[in-house]
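Data first, discussion second: the structure below is written as structure tokens.
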Amino acid sequence: MGNILNQIGIENYIFLSVVLFCIGIFGVLYRRNAIIVFMSIEIMLNAVNLLFVAFSTYHQDAQGQVFVFFSMAVAAAEVAVGLAILVSIFRNIGSISIDNLKNLKG
Amino acid sequence: MIHIPDFAHATTIQVIFCFLAFITVITAFLTIFSRNPIHSAIYLVICFFSIAGHYLLLNSQFLAVVHIIVYSGAIMILFLFTIMLMNLNEQREVHRPRITRLGAIVSFCLILIVLIAIFINSKPIVGEYDSTGEDFQSIKVLGKILLDEYMVPFEFASILLLVAMIGTVLLSKKEKLNK
Amino acid sequence: MDTNLALILVLTPLLGFLVNVFFGKSLGKTVSGAIGTIAVAISFVVSLLLFNQITSTGKGIEVTLFDWIQISNLKINLGFLLDQLSVLWLLFVTGIGSLIHLYSISYMHDDENMHKFFAYLNLFVFFMITLVIGSNLLVLFIGWEGVGLCSYLLIGFWHKNQDYNDAAKKAFIMNRIGDLGLLIGMFIIGSMFSTLDYATLKTAIAGATNLNLPLLSLAALCLFIGACGKSAQIPLYTWLPDAMAGPTPVSALIHAATMVTAGIFMVTRLNFVFDLATDVQSVIAIIGAITSLVAATIGLVQNDIKKVLAYSTVSQLGLMFLALGFGAYEVAVFHVITHAFFKACLFLGSGSVIHGLHGEQDMRNMGGLRKAMPITFWTMLISSLAISGVPFFSGFFSKDEILLTAFHHSIPLYVVGSVASIMTAFYMFRLMFLTFFKEFRGTEEQKHHLHESGSLITIPLIILAILATFGGLISLPGNSWLNGYLAPLFTKVAGEEHHLGPTEYTLMGVAVLGGLLGILIAYVKYFKQDNVPESDENITGLSKVLYNKYYVDEVYDAVFVQPINSLSKFFRDYIETGLSALVFGLGKIANEIAFQGKKLQTGSIGLYLFVFVLGLCAIVSYIFLAQ
Amino acid sequence: MNVSTILIILLIGAFATYFSGDKLASKVALLFSLAALGCSIVLLNNYNAGENISVINSWINQPKISFALSGDGLGLAMVLLTVALTPIIIFSSFGNEYKNAKGFYGLILFMAFAMAGTFLAADGLLYYIFWELALIPIYFIALIWGNGDAEERRKAVVKFFIYTLAGSLFMLTAFIYLYTKAGSFLIEDLYKVNLSACEQFWVFLAFFLAYAIKIPIIPFHTWQANVYQKAPTVGTMLLSGIMLKMGLYSVLRWQLPLAPIAAKEYMHIFIALGIAGVIYGSIVALRQKDLKKLLAYSSLAHVGLIAAGSYTLTLDGFRGSVMQMIAHGFVVVGLFFAAEVIFRRYETREIGEMGGIRAQSPKFTSMFLILVLASVALPSTFNFVGEFTVLYSLSQINIWFAILGGTTIILGAYYMLRMFQHVMLGETNSKTFADVTLNEGISFAVIIAVLLFFGFYPKPITDLITPSLENILQVINKN
């Protein structure tokens, strides 16, 4: 099988992941709901992962995919801990709006 | 120049790609814009599935499967559980100042423009793609690399997950102790 | 042998000092006084031995003890040089010193700290000997500052009175101003000739080619400033009258006979330097003459018996500097010696009077003491005649020589000196008439206690009066033993021997007449007309200016002391706090930045992310797009 | 036996004192400080006999830091000053009761250890460590056992601490920069580095900041007076007697040889700064109401002169300033002790509340007066030898420096005698003033004996320090 990128082009993947990444940023800025913010972060992570895989193919090298593998592990851990924190915050203050999470205010 | 797919003479793969990309972007947007978190989560699942489709398209089956398992299977379920646990099915975000929206839109546009500008600027790097036909992304190869070259990080990843698990348990448990 | 003699000479007074300091209190007053006196007397005997040796061999003795200070290009020994000049000085320092010690046993007997007094006096003699016999300028400087210290201690001897302490402090500080000059002079000489040793310096200067004369003159000027401080010349003379706050024997020893002549000693010692600096010599002569006149005018109206003598001392010192300025070193030395005799006698006599009146120093409250204190009267009269230049007393010869020298060099300065001499005669006899003639003007109680002082006081007076009478014999005009004795010291032919021609006799006559005129005016004013000086508030006009010493103290206070004090206050209150605030200000700025910066941390993740995005865009576009 | 023995004795002493309990602490501390003194005298003998008493051990390989202590004349002289003053300082505190005495005396010995280490260290980083180590004990001594309002004291002490620490950081930077050039922190290697004039300027400046604050040279002196006033007298003695000398010593040992071109280029500025300190310190001292503050400003004036002497880059200047350092160390300890003696009896440091002490305490007066006179450099005291040499060296650079610097003998006499007059003289004070006790007398007598002995016979010290100063001068003049 020939290289798939010959038919699609790496630039399209780059465009796609850039757009996805921007959507993620947009989501973080736009939404106040911490869960949605989390989801936006996941979108950003996936945008990057996608790019990794695309370039892995481009370079004919498995390293990129290995990296994605690890990034998934990290994302899983992060989500687990992050959601646990959210839950406990929700229990404490009854809201998960990030406007209420200003304990770091100087 | 940006390579614009020619829809009239598009190959199957190109069509599939365009379709998947469309779904990905749309669902990502919907994730963000839908008022109900549950809907968001469901859109996100679709988004993840489409990304897994991309992986398949790129011929990395292993990753696609892992992606579906981890993201759609584990993470999203976690999200859903959490949303349900918090009873977040109705919209709670009342106040959303205009400045926030403006900021969000500005950053979105800005980063998009910058990134694309960079990409266009560095276009010459993108050249023809050659294939040696060498197998580099089958499960067999990946497994070898993971357990050979990346043995230690791999183990660390497991430790990380373990720690995250313990941390999560502790985080949830402590509240009960306090109350 | 010589080393031992020199060490005995120096260390006996030091030993006396140590004994008196550590055991004086337990030894009792008389014993401690005796120890002090004997210590100085031993030094006197040693001086006599040395004098004998030097007159017979005609050569100086050099004693080097050990290296003292090492500086790269000059090595300074702690060593002594006993030559004609220093032995001469030793003789009258230790001689008059012994007499004054003897005198003090009686004079200070009522003071509870008598052992301390003797300790200080011995220390003074120690330092004075060091000053005189040091073989280089720095050893001289030990003595120089040491006598200043003793002067400080003794002026402030009655330390419970803060005025006295002020006077002591003033003396010390004014001396230190001079000392700085001396130090600078030493630095210049040291860097020019790489030595501070007199003998080496003399040969170095004699053998030097291409001398940097302006620099040498500067050195000489600096040295002269030092001499000004110590010998109370304008502009540094104001401490000496104030120094009369000390016990009278101190005034006699330190502030009349010995310490104040240190400046003359130093200039004489370094005659080879001053001979080259002719400009500086003129300065010395002019300052000497002016000092002499100014002090004499102030002396005219003073009512405190010791103040009169103090200004008289300043005036006489001025005359000595006048002689020095003309390079007539032996003449100055001659006057130093005769002046030491009669001024010591006068001070001791006034001390006797004060003692008799239980501390009264104002001449307006004296009078008629002639009968009660005959010995004091006669000795003081002799000394007054000597200082006034009445023929055949010692002062006549020495003062006449100075005026002669002045006449040969500069008529205006001669006139100034002569006027000062006439005034001297006037105020000295004003003092005599007010103190010893007419009726007693003090209280009844004082009158009741009037008595002649004891033999310990009168014996020194008598000896000094004899010396004041016959002291002039050591340098008779035309046949001077002193000039011959001192000749080896000087590079130039020791002054031109004055041939006693008609000019000289005329001048002598003029001087004698002037002196008699002064005495006559005093006689008319204070004996015939029975005037008593006005009380302080009635003094007006010129007398008031004179009585207040031309307001020099006030001027110094306004020009130097007050500005420094206000500067100090300004520095303390503003600059110090300002600098401190500056340092604290840095801390405050950091604090303020933190405080303001804190506000940036709104806790709003949205804002953080927005800024983060902006930053990211900026960095990324800089990296990738800026080429 | 080598110089590290002194450090070991002092360090062990510090711990032994701490563990000996409050009652024994002062005696144990005295014992150990005397042992250190004895040890240094033995070492001095060995050194004079030509024995090598230096130590070089490698310590850390990467970066290359050695445990190097040099036992040359200069270092030894300064260490002698330290270990001679430490017993005096400890002994002088015998009349006071300190709570938690074991900590107090332990810290004193620890500080002596650090200061001796600073004087001996022959490795840049080791030196820096000792240098900063010396700061810690004095911080606690001043903070815990100081006097006056606690809040004000804390403010003064923290200012001092941060200020000096900030200065030292510049020095550390300079050392690291030099290390990148030399590849070693050893002083010999650092001496060999050839820097360009520009680099030297910055290195010089960095060192200068550290030392100017420590010494202190105006206008970096603002910490001084307050800390001197607030610290317990023992702390003040340690600070003024020894710690200031760390800065002055370091100028000679580190700053000048490491940046000779810059030193030559800018020496006039720094001499002028030193002399400005002389005049400024003297004038400010005139109107001080607090005895310890007055002495602090007098210290400022004296160290200004010493610093000026060091910056002349002549052998005379170096020699004079080292001698003056030693002399000033002794005299200032004596003077602060006198202030303490008065404080023990009158419970005040306000000059206005004193006066009329002389009549009641002849011995104390004599001793105090001798110290005052030594401090104004009366000939026959050691201070005169130092001051004369320094002023002479200044006169070789420019006669005006000598004249302006020489005003110290006038202004110094003015403020010191003024102080003496108001503290000691005048009408007998209504409060009784017991004369010095035997203990106090011994401390005074030792200090006075040292000052007078070396005043007449400074040769031993000159001979000790001259070779090493010549070496330093050689390094400075190598190109």
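First chain written, first letter: the chains are A, B, C and D, and each begins at residue 1.
In this section, a contact is a pair of C-beta atoms (placed from the backbone, for glycine too) under 8 Å apart; a residue touches a chain by one contact, two chains touch by 3 or more.
Here is each chain with its UniProt name: A = NADH-quinone oxidoreductase subunit K; B = NADH-quinone oxidoreductase subunit J; C = NADH dehydrogenase subunit L; D = NADH-quinone oxidoreductase subunit M.
Everything numeric here is computed off the predicted structure, so don't read it as measured data.
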* Measuring between mean CA coordinates, which chain is farthest from subunit D? -> B
* **Distance between chain centroids, defined by C-alpha means - subunit B, subunit D (Å)** => 68
* Indicate the whole-number Å distance between the mean C-alpha point of subunit A and the mean C-alpha point of subunit C. => 95
* From the C-alpha centre of subunit B to that of subunit C, how far is it in Å? -> 101
* If you average the CA atoms of subunit C and of subunit D, how many Å lie between those two points? -> 37
* Asked: Residue numbers in subunit A touching 2 or more other chains?
  -> 25, 29, 99
* Numbers and ranges of subunit B residues touching at least 2 other chains -> 100, 103-104, 107, 111, 115
* **Residues of subunit C whose C-beta touches two or more other chains** => 606, 609-610, 613
* For this assembly, give the contact graph shape among line, ring, star, complete and other. => other
* Contact set on subunit D toward subunit C in their complex -> 159, 162-163, 219, 221-223, 225-226, 280, 283-288, 314-316, 319, 356, 358-359, 362, 366, 373, 378-380, 385, 388-389, 391-393, 395-396, 399, 402-403, 406-407, 409-411, 413-414, 417-418, 421, 424-428, 456-459, 462, 466
* Which of the residues in subunit B come into contact with subunit A in the complex? -> 2-3, 5, 11, 13-14, 17, 21, 24-25, 28-29, 31-32, 37, 40-41, 44, 47-48, 51, 54-55, 57-60, 62-63, 66-67, 70-71, 74-75, 78-79, 82-83, 85-86, 88, 92-93, 95-96, 100-101, 103-105, 107-108, 111-112, 115-116, 119, 123, 126, 128-132, 134, 136-137, 141-142, 145-146, 150, 153, 157, 160-161, 163-165, 167-168, 171-172, 174-175
* Residues of subunit C that touch subunit B when the two form their complex -> 606-607, 609-610, 613-614, 616-617, 620-621, 624-625
* For subunit A, which residues count as touching subunit B in their complex? -> 1-16, 18-27, 29-33, 35-36, 38-40, 42-43, 46, 49-50, 53-54, 56-58, 60-63, 65-66, 68-70, 72-81, 83-88, 90-92, 95-97, 99
* Asked: What part of subunit A is in contact with subunit C in the complex they form?
  -> 25, 28-29, 37, 98-99, 101-106
